[in-house]
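Before anything else, here is the set of structures, which you'll find just below.
Here come two complexes built around chain A, the first alongside chain B, the second alongside chain C.
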Partner chain A sequence: MSLVYVEYLCFLVVFTGLYYLTSSKKIRAYLLLLCSFIFIAQHSFFSLIFLVASSVFTFFIAKKIAQTKSKPLLWFAISLHIIVLLGIKYFHWGNTLVNLSPLHFQTNTIIVALGVSFYTLQHISFLVETFHKRIPFPSLGNYLSYHAFFPKISSGPIEKPQTFLPQLASLNQSFSSENFVYGFQRILWGFFKKMVLADRLLPIVEQIFGLHTPAHGFTVWLGICLFTLALYFDFSAYIDIAIGSARILGIKLSENFNFPLHTTSIAAFWRCWHITLIQWLTQYLYYPIVYRFRKYPTLAVMLAIAVVFGLSGVWHGWGITYLLWAACHIVYLWFETLTKKQRNTIAKKLPRLFYQNFSIFITFNLVCFAHLFFRANSFATAQTLIQKVFTFPFFPQSVLVDFIAPLAGGGSQEQVFNLYISLLGCFLFLFLEKKIYPYYLSTKFRFSINFILLLLIFLFGIFDAGEAFIYLQF
Partner chain B sequence: MSYNIDEIMPKLQVIFREVFDEPNLIIKPELTANDVAQWDSLTHIAMINSVEQTFGIVIPFQMLMEMESVGDLVQGISQLLQS
Partner chain C sequence: MMVKKFFLLIIALVFCLILLDKAFQFFLRQNMNTKMAYISREELDYDLLIHGPCEPLWMINPTQLDSITGISSYNLALSHSDFADNFIHLYQYLKHQKAPKYLLLYITPESMDLRYNKFNTYRFADFLADSTVASIVEEMDPLYFKWSKLPFVRYAYYSNFINFKFVQGVKHFFQKRKTPYHENGYEAPAIQAWHYNLSKMVELYPKNIEFKWNSMREKYLIKLVKYAQKKGIKVIFYESPVFAPTISYQKNRGEFIEHIKNTAQSLAVDFWEFGEIPMSKNEENFFSTLNTTLKGSRIFTDTLGKHIRQNLLCE
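For the complex of A and B:
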């Protein structure tokens, strides 16, 4: 079951109804766990078995760690999680287990263990926080819900145990119309971004990255930039739907995006993009590395950046393209670290608005260049795309032949119209999102914006051939 | 060498002005990284390094992670000097 489909909304409505029928904390906790298990099993039964097994193992080993304060046991548990994650993601152990199992699991998907990359990081957080005695030890049921909670199981946000687990201990709050309205709005906002924006852009992106067109120069670069927009709309839409669904049940999930494409530096971009992953990497890798090598501050920071982004690359996928994506960001951040003083001096000499917009433009293009490697299926594809971008003339000589037709996958009137609508909608939304969003959440304009969003979804949304959320593959 | 809280602030002021390259910076207990343009992870760790050398202390990792303002830093230094 994917979050975008009507079945998900039906599932959410039925579950919310059942959830608020009872005010018993205990029954709600069981219901939450049961429905989360059904949600995961519906994806694949193996995913459920794997999640339960890894959670039960971590729960009991963490209990032992809490009792004994054993560092070797902590390291053993963390190492095991990392090995299993690598095995599942890159060496296809999951497929092997599925094939060998006498239970004959049915898997109709390439994602064998749903959300494993996300909840593995949560397991590690829990082990470390338990070792340092920074969290009260939860019940097994709550620990299972911490990982299985259906709105966030597929692609996060990655929750810290200290922010999520206490909320499971207070599930007896009554239905709140404020939470419901906020949740409904976030879900609608997410559906709009997914169905109207992301799903319209992804076929255009496929034209470029699939090397289906003879385009070059600006046309290819626009296709690469559109992937960044599509990824942002797609992933942030998923997060909106997850946060909205959780809020209806009275649970607050962490924000994962904060208008990242409006940032003026790569460091600022990473404070606003996939926030929960970066916070996890910062807390458990960046700070300890910097602290350990603090006698040599510049070296410590550069080393920490390299380790954090190198591992982020591996976490996303095994292959040279993900490592090159990570390498781009390592180089960008090293450059920013080493030139901060000089850049501040330049900023003081230039008009503020000009410097700010110029910085946003440069940051956006650098992010897009790195995303070229993130999206390319192989190093050869990335190489071809770079060659195409630098084939001159850069700007298309014939708008219809060199620009519109390659992006639209042809040149028919309907395709051209669709392309114009998609580009106009996406760029307008990108520029206005930061300004509209606070109004959207205010009571004054809520109704009218909800109405417009619904109308736009029905008019321009992709209903029948929508793409799966991109981050499901991670 | 031992210091009391009143002696810590002036010494910190010197460190902050030098590390963050702001000769007129006035530090207050409520000052945080958001208030100083040059305060990023690189200058933060350079400042901590300088604090450790000046006061002859080692700030434990956990304590460092819990510090959010100059006030927290002063309290931490004072605590470490007394122990």
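For the complex of A and C:
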């Protein structure tokens, strides 16, 4: 069984019990911090030490900034965070630090601090907000909890200090059955997405991106589209579990997804996909750039888009493929910015439903094309996949040999059966998601949906460890 | 109210899982294509059992073999299986069927290396009530074994490998099917839509690969041989043909063959080597280093049949 999940659930149940046993705000705050530290240390002790060190450093430097209003100190702290993030993620400083420290141990793997990409952005937010005196200065304990909060440490969402820190200051609320129901249902929703949808799709995607099998253009393209679906199910599932867990404890986390695969433009897509990252980039990069070059509005917007997505590419990974992924989105958004009027005119002339569905189709395919670079391990792989997509004949000649078998990882009845189950599940979910979600994810206990989801997890879920969280690498 | 509903949900779920557990248990036993179910249900009587992973499964056709040797044989091999997997199948066979005279067991350096083949727990989900099976499953897959005690989890855990067999079991039940699709256990190799060329086959072995002898594999090999010998079965090890150009890539293949020979000797078992017979040089006979095409399978079965006639039946 994916014991990651079972262990996590046990951990959550025990922690929730202890948390509500006491009504003291102070004890709860300590308990939250302690359990978060245990959770991180269980991943790696280095992650815990690194988080504590970076948080303590930021806390005291922010205190100094608040007192002195020193801009150079602010820039120094921000630069240091960026350099350390790049060093940890791309130059393997984690290994160097471990080798230098008493923690010294032999390892062949690259040591990356859990959640470093997420909390580095939170550190920067905190420094900026403190500089502008837009938030009350927290206690060190609360500041540590802000970063270490266990439901969100590994997958986000990236929380703004002004929304998260005040919640830590009011931890004395009593157990609420509404919060529990919402949290439970949100976690179940996440488990379903991860175990029944994402983990079933990822091996299919691996077949295509691993280039294990030769295939026609359409088959490769479907594999690329399935990666987008798998990434969405996987990432949003972790977010659901994080939001649900936090809600049980009475803490509201920010939403990170809002049906992004139903959007009608790339701009709209980015308002619904990894919302907290885009909001962060918008607030701290996009708006300042647009403001700085406000005399040339179109140029300012185009420059801001390029900077935001260029940095987003680097944030995700160090390599030409991530830059190409970012470049795709920059081009898409420039095109949308420059053709806004023309597209509005066309939209008015066409039937609304047709234009809407056509836009969803185009947006989805453009996003998938960019994801080709996002998922490809190297430029050569991306190149081969593109060549395959544009090689004629595009459509497979034999459905079983050229289409089903490459996706199923072979042509046996069992493999084909599993492929059909996976595809059917995903498309049904995408079709029904928008209808079920608002009804199900409320504070009311939905017995029948809970029962069906649990049954589907037991019948079709991948229990044997499953696939790793895709976004953990970022 | 909420607590009441929550407990009701858990009770309904547990009840449903118990029902599903029973349904899966019943219908998986009806699936005649599952060798564990087939050998447990139907009455079989063979002189020779062919055993091992996918190589013998796709390589030795008992019908062709019987026409050469004049004795009856059954192919008990299963794809991707290791010796622990093989042991349980042999145990299950002997529990329900008459013991054969001979057991022909596939063994190559790959058989002793953990990177090749594995223990396929899902095949035994239905047989955990048997203490011998349960103890092996516990040793080979402890995590699964721990969770398998919960209702239906023994099937849910590897649902990707179970669901189809369950559906097929339902079909076989309503069809009242008594025989599997591959009655003699042999599965003809699939026609390769994407032909592996020479370079691809060589690539399957990283340059200068070194095999690693695994003690767990050795333990179950010995266990299997001793169990068969206890039942009065003469065991023979055989090494199947290897696609010749790949041999130079395998640094310690020779050493391993020697090791296997010594093991065979210590167990008083004959070891037949077919590694480098003439068919090994022809690319058309292979679709991977050790797996033969239909053409290769026919040639090897013929060679093996003649060998059995000369060396086993003339004794």
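One rule holds in what follows: the second predicted complex is superposed on the first by the 458 of 474 C-alpha atoms of A that agree within 3 Å, B and C clash if a C-alpha of one lies under 4 Å from a C-alpha of the other, contacts with A are read in each partner's own complex, and residues count from 1 in each chain.
We adopt the following convention: a residue touches a chain if its C-beta (ideal position, glycine included) is under 8 Å from a C-beta of that chain, and two chains touch if they have at least 3 such contacts.
Note that this is a predicted model, so its numbers are computed, not measured.
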Chain B and chain C placed together on chain A: clash or fit? fit
| When the two structures are overlaid on chain A, which partner does A:Tyr291 contact: first (chain B), second (chain C), both, or neither? | first
With chain A at the apex, the angle to the CA centres of chain B and chain C, rounded to a multiple of 10 degrees, reads 160
**Request:** Check the residue A:Ala267 against both partner chains and state whether it touches chain B (first), chain C (second), both, or neither.
**Result:** first
Give one of first, second, both or neither to describe whether A:Tyr90 is in contact with chain B, with chain C, with both, or with none. neither
State whether A:His132 touches chain B only (first), chain C only (second), both chains, or neither. first
I'd like to know which partner A:Lys340 touches here: chain B for first, chain C for second, both or neither. first
Max touched-residue count on chain A (chain B vs chain C) belongs to chain C
Overlaying both structures gives a minimum C-alpha distance between chain B and chain C, in Å, of 39
Both chain B and chain C touch chain A at residues none
In the complex, the residues of chain B that touch chain A are 21, 37-38, 40-43, 45-46, 48-49, 52, 61-62, 64-65
Interface with chain C, chain A side, in the complex: residues 1, 3, 177, 180-181, 184, 200, 213-214, 398, 401-402, 405, 411-414, 417-418, 421, 445, 447, 450-451, 454-455, 458-464
The chain C residues in contact with chain A across the complex are 2-3, 5-6, 8-9, 12-13, 16-17, 20, 143-144, 147, 152-153, 156-161, 163-165, 167-168, 190, 193-194
Within the complex, chain B is touched by chain A residues 132, 267, 286-288, 290-291, 294-295, 297-298, 300-301, 304, 337, 340-341, 344
